[in-house]
Every structure is written in C-alpha cells, then in structure tokens.
Amino acid sequence: MSGYTEGIIILLCINAIAAMGVSLLTGFTGIFSLGHAAYMALGAYTTAILTVQHGVHWFPAIVCGGIMAVAVAFFIGVPTLKLMGDYYAIASIGLGEAIRLILENWQSVTRGARGYPGIDPYTTLPVAAAFFVVLAIFMFNLINSRFGRACKACRDDHIAAALLGFHTARIRVISLMISAFYCGVAGALLGGFLSFIQPVMFDMLKSTELTAVVVFGGLGSMSGSLLGTAVITLVTELFRPISQYRMLIYGAVLVVIMVLRPEGIMGNREFLSWVKAPFRRRAG
Amino acid sequence: MGEGSFPEAGRMSAFFELTGVTKNFGGVQAVSNMTFSIEKGELAGLMGPNGAGKTTIFNLVTGVYGLDEGRILFKGEDLARLKTYQVTGRGIARTFQNLRLFQRSTVLENVMTAAQHHVPYSFAEGMTHLGRWRSGEKKIREKSMALLERVGLADRAEQAAGTLPYGFQRRLEIARALALDPELLLLDEPAAGMNAEEVALLNVLISEIHHDFSLTILVIEHHMDLVMEICPHIICMNFGAKIAEGTPEEIQNHPEVLKAYLGEEEVE
Amino acid sequence: MATLIQQVINGLSLGSVYALIAVGYSLVYSILLFSNFAHGGFLVIGGYICYGTLRTFGTGIWLSGAIALAGAGFAAVLTERLAYRPIRERTNVTLYLLIASMGMSIVIENIFVIVAGGRFRALPPVIPTTPVNLMGLATTSAFDLLSLVSAVVFLGALQLFLSKTRWGLAIRAAAYDLRTAGLMGVNVNLLISIVFFVAGALAAVGGIFLSVRYTLYPQLGAITIKAFVAAVIGGLGSLPGAVVGSLILGLAEMLTAGFISSQMRDLVVFSMLVITLLVKPTGLFGKSVSEKV
C-alpha cells in the first residue's frame, strides 16, 4: 500500500471519528453546532503539548486530549445548552471562535498563530484504524440503546420527552460531552498525522465541514455520517490539484444537497436496515 | 387543613386533588380558584368549552407551567415543587391535545422510549452491549409490543409514527403513556378530530384500559358524547373556573353548563 | 481624554457600519426566522462592484456606489431564489436553510477568490480620509464622520420605507406573522425578494466603507460575524436592536483596542456574545417565541 493511500485511510479514520461525534450531537440529539472544530483543537493542542513538552506517551496523551475537550464542553455546555435552535448555533460559533482566538493569542503555551510543529507522528495506520473501530463500536452500540432513544426523544419533542421522564438538559450535556470527546480524539490523531497543528486548521470552515458531512449523510443515521465522511474526504482529496475550485465546489455541493435532498443520503435509516429490508418484507 | 368551615376537613387527602389553583398569563386569568378531587380508581372527566382552561390545568399538574396560587396534591405530595421530568416518576402520564409523537421514529420505538423508563441498565452496559443490555432490550421490546397489541397497532410496529392515520396516532399516544406504568393517566382531548364511530371505539378502549390496568383516569374533552358516556364523575369549567361538578345527569341539566355551551358547537 | 473621544468616534463609526450590515441581517431573520450566513457575501459583492466600476469605468463614487448597491441587491434576490426558496417551499426545517446559507457564503467568497484573486485591493481614494479637527477636543478622520452620516441616512431611509410605504407595512406585518400576512393577500415571494434586495443593498454600503477601511479582499465577508453578534445583542429580529447592538459593539471594540490591546478586540466581541446569550438570549429588544403546549 502506498504512503499516499495509507494517508488517505488515516485521514478517513480521523474524519470519521469526528463525524460520529457530531452525528450524535446534531443528528441524534438535534443540537446544531457550528463550533465543533474547537473541540478538535483542544484535543490536538493538549496532546501535542503533552507529547512534545512533557514526554508523555501518545496513548494516554490522546485520551487526555479527549478528556480536556470533554471538560471544556461540560463547563460551557451546562449554561449554553439551555438555548434552543438558532441561538445555540450562534453561541457555538462564538465559543468556537473564542477558543480559536485564545489558542492563537496564548503564545507562551500554544506557540500562537504560527502553529505548533514537531509533533511525533504517532498516528500510524494501525493506530488510527484501532481508534476508529473501537470508537465506532461504542457509538453504534450507544445509539442502539436506551441512551440513543433518549437523545432522539430530546431531538424530536423536548416537551414530550420531559413528560416521559427524560431529564432533557442532562441528556443534552452528556451528548455534547461525548461528541466533544470524539472530536478531541480526532484532533489529537490529526496532530499525530500531520506533525503540525495551527489554530486556523480548526476554524469555522472546519466546523461547517463537520456539520455538513453529517447532514449530507443524513441526520439521524450514524452509518450515513460515515458514508458522508467517506464521500467528502475522497472528493476533497481528488480535487486537491485544483484546490482553487475545491472550495467553490464544496460550497456548491452543500447548497445543492439542501435544495435537492435535505434528508441526506440515508435519511434517518441505517445501512443495515436497507440490507435487512427485503428480508423483512418477505417474512411479514 | 382548616377546621369546621370545609366539609373535607379532617379526612385524609384524596388521591389527586387541586385546591384553589390559580394561574395568570400576563393579566389573563387562565385558571381561577380551581378546586376538585379525584379518588383512586375513578374515571373522571373535565369538560368545558374551548379556551376554558382545561389544558392549562394539565400543564400545571405536569409542571409545564408554574402555579400562581393553590396546591396540587398527588398521593399527598405537592406536585408544584417538581420539575416536569420528575412528574413521571411519581406515576403520572399524559397525552396531548395536539399530539406529540416522535414522528420520525417507528410506532414501536415511540412506545419503547417510554417503556425503557422502568427497565434501567447502565450507560456502560449500553455502550458495550454487555451485561443487562440484551435482557433489558428484550423486556422493553416485549412490553411495548404487548401494549401495541392492546391498542390494535401491533401490525404497524415498524411504520413511521408520522405516517399513521390520525385516529391511530391518538391510540399510539395512549399506548406510549401506558408504557410508563402510570397510576394516574391524563388524557387531553383524545377524541379530537374523530368521527362518531371512532369516538365510540375510543370510549371502549378507555373503559377497558381503566379496568385492565387499574388506572385512575382524568379525561379532558369538550365533546359531550365521550365524557357523558363513560365518566361517572364530571367537573365542568368555563373561563378558568369550575361551574359544576357531579354525575352526568346532574351536569346535563345544570343551568350554568347549558349556558356555557349555548352558542358552542353542540354534541355532534 | 483626546484618545477617549477619538476612540468613541472610531467606535461609533465602526458601529454604524456594523449597523448597516446587522440591520439587513436582522430584517431577513425577522421575516424568515433563520440566520442567513451568506449575508457577508452581499457585502463583498458590493465592495467588488464598486471597486470594479471605479477602476474600470472611472465613474464617480456616487454612480459606482449606486451600481454596487443595485448589484448586491440583485445578487441577494438571486441567492434567495436559487438556494432558499426551493428549500422553504418544501420544508420548514430551518436547519436546512442554515446549511444552505453556509454553502452560499462559501460559494460567493470563492467566486471572488477565483475571479478576482486573493490580493488585497485598495479602493481609489474617493472617500476622503482627511483629518478633521473637532472643536479642538480631538482629531478624527472625515471618513469616520462620513460613514456615520451615511449610516444615518440609509437607516433613516429604511425607517421611512418601513413606516410610510405599503410594502413597508407589509414587511412589518410579515415580521409579526408571515403566514397571516400571506393569507391577507400579501405576495409573500415578492415580499421576501424585496426584503433580500434591501438587505443586500444595505450590506453593500457597509461593504464599501469596510473596503476603504480595511482594503478589499474576498474574505472581507468574515467580518459579518461581528454584525451577527451585534444583531444578537440587540435582539434577533429587532431593527432598532440591531442598530443599538452594533453601536455598543463598535464602541466596545474600539475602546478595547485603544485602552487594552488590539488582540483582545475579537475576544471581547465573542465574550459579549456569550454573556448576552447566557443572561438574556433574546437580547435587548428581541422577541421571545414561546411554544404552545
């Protein structure tokens, strides 16, 4: 396998992990966030600082990166998740930008806008794949459990959910914390892949990409989010030579999908249900 | 509890009672000094023309709105101090006038979301699918299917709730509420939008679940035919206040009730 | 003391430019109840058209400005027709509109990246920047005074339009309840087009002033996010709120830059956003939408 192909697969794993986090938050819990790249940044920088400046092994460092993202998510999530809909989206933009600005300006810790180089390339293919597989299993299991139903209830009708006994505020915060963990780990893995991170890599454009991937795959479909990641990542790579047009096409794709098929590729069904469907019809 | 002046003085509080409940919305008095009580096992009706404040009472009971004055006691406990999501835990379930199903989920999932309340397994078990996950999910599914059978929706279990015909959506909401194993069931205009035949079937369903599940039920309706048929105890309100209380015969001939409904779209 | 007055004027000037952008954005929000992230694109379009006509045809600022306003207005209408109307007609999920608007924002910005290149362009000096002495208290530039005055003129014109004309009345009705306005016989699609035209034109004025202040480049639209913050602080959907919020924001930015540090500017902006959302999410004058149970 060539180095280039390997790199693509690693990138796919990283983007897929982040996408699963955002999918849980936006697709399954109905919280539209445009600031999730900030959690990737928190994970990336925490892990970079731990491995480079404190000689911590990459595995605990990555976990710490995820935990840092979770901690920040908790502290800003508890007060802001009371906001519904558009207001939370705008708050998430503000928070995302604020975190990026802090990272850019806190030169002593993060080396500022120029970026943080020299990260040990610990994200090899086995590492990325292993993280992806384990995290994917946990995520698919979760949405197929009482927690998944609880998230969907909060998404579809928060008043009915409350009257079915769901503590909607707590469920939203937990969902945010899990999604932050996934994005934090993805960011940490990205740092170990590129050996270099910069605050501008985690700007609103990246956040939009995370949300777009989930919408593209279908809100409420975890396998759709994975499919969406695959498509967007591969298309982005394919168009890299004409990178000028890449962004234009990417923006146009967002618009076209929303106009033509806003429910995304999968709608809210999972890949497995498509496979099982013909068998079910025959039996019933 | 006072002494002497109130006939109820000195006895144990009823299963479910409102005392002097008042709620204002920016100058409009939606509910004014409502007092009534319901005994365990009763099937009672709350009647009144549109806008009388009936749904507001349900919203006050379930913590959607806060009380301005008065008390709501359920099994002796003051409900006003509870948050909405805690009300279920006390044994109260409700349906909604405007239907609040999870439209995108399947019929079965809607009920399972409620049924899971009494089948706990931990977050870790949910994440790993180990431990009590498998047996828990089986129990939730079986209980939900049983309820769907009860309301006649078992064959539509995998259909998206939003695609059901209207009358079936109402049944689904009832099944979902039953999945919470409530002691008190609040039905908010369950017959809205139904024709005479459907209402008759609904009457049968409500009577049956009242008996089979040993429930206490309070039904809001402004159609007379449902409430008069099946509720031996009726409270009638208008403009936020109680105007009559008693048996169907007493209500039917009550001058205040007739006055309230005059000019209203009557019976059918 | 002189610095204080200077920064206050700077702040009001910047705030007045934000106001032009925020008002258009809030206007769209008040009708369609969604946050049009592509609003920054209209600003950029206005800037480039003005630059283009100035450079290529050598016309004066008045004509170029007028063309830029019209061009941006039409671009806004086109955006609505192509991207938002089809979604609006199919579904009422605002999330889809939000994402489509993000997409349009990226499309517009990158059209200019490709066509005009990423260079920073300075507009020909048609708007004077000569220093002006204010009664011996402080010195400011004619540019600041002009942008303040222009903002007042345009917003005043908008206010007249909304309060004195038939369409203005229709827009105010629609802001209250779009469906009912439609049922009362208002041509909703035409109304929305008019609203977008106005929003685009106002953004263009802001864009022209911003391109003089910061030079013109495709990503200039990113500054719109500050206008969003201003609109939220003032109350989403409220036009006076957008103005007040913008002035507060402009002042806060300039006073921070003048007395604390330039780096903290943006941080202060976003902190104000977060504080507003936590303390009073509906902002100063915003309408709160409550659900019927």
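Every chain is named by a letter (A, B and C) in the order it is written, and numbering of its residues begins at 1.
Keep this in mind: a residue touches a chain if its C-beta (ideal position, glycine included) is under 8 Å from a C-beta of that chain, and two chains touch if they have at least 3 such contacts.
All figures in this text were calculated on a predicted structure; none of them were measured in a lab.
S.K.: Does A-B or A-C have the larger number of C-beta pairs in contact?
M.R.: Greater number of contacting C-beta pairs: A-C.
S.K.: By Cα centroids, which chain is closest to the centre of the whole protein?
M.R.: A
S.K.: Please tell me the distance, in whole Å, between the geometric centres of subunit B and subunit C computed from their C-alpha atoms.
M.R.: Chain centroid spacing, subunit B to subunit C, equals 49 Å.
S.K.: Hey, how far is the Cα centre of subunit A from the one of subunit B, in Å?
M.R.: 41
S.K.: So, what's the distance in Å between the C-alpha centres of subunit C and subunit A?
M.R.: Averaging C-alpha atoms per chain gives centres 31 Å apart.
S.K.: Would you give the residues of subunit C that are in contact with at least 2 other chains, written as numbers and ranges?
M.R.: Those would be 293.
S.K.: If I count partner chains per residue in subunit A, which residues reach a count of at least 2?
M.R.: As it turns out, subunit A has residues touching two or more other chains at 159.
S.K.: Residue numbers in subunit B touching 2 or more other chains?
M.R.: Counting only residues that touch two or more other chains, subunit B contributes 64, 96.
S.K.: Provide the residue numbers of subunit B that touch subunit A in the complex, in ascending order.
M.R.: By the definition above, subunit B touches subunit A via 62, 64, 83-85, 87-89, 93-94, 96, 100-105, 109, 112-114, 116-117, 119-121, 123, 125-129, 133, 136-137, 140, 158, 176, 180.
S.K.: Would you pull the subunit A residues touching subunit B in the complex into a rising list?
M.R.: Those in contact with subunit B are residues 138, 141-142, 144-150, 152-153, 156-157, 159-160, 162-168, 220, 268, 280.
S.K.: Any idea which subunit C residues touch subunit A in the complex?
M.R.: These residues of subunit C touch subunit A: 33-35, 82-83, 86-87, 90-91, 93-100, 102-107, 109-111, 113-114, 225, 228-229, 232, 236, 263, 266-267, 270-271, 273-274, 277-278, 281, 291, 293.
S.K.: Give every residue of subunit A touching subunit C within the complex, in rising order.
M.R.: So the residues of subunit A touching subunit C come out as 32, 34, 79-80, 83, 85-87, 89-91, 93-95, 97-98, 101-102, 105, 159, 204-205, 208, 211-212, 215, 219, 244-245, 247-248, 250-255, 258-259, 262.
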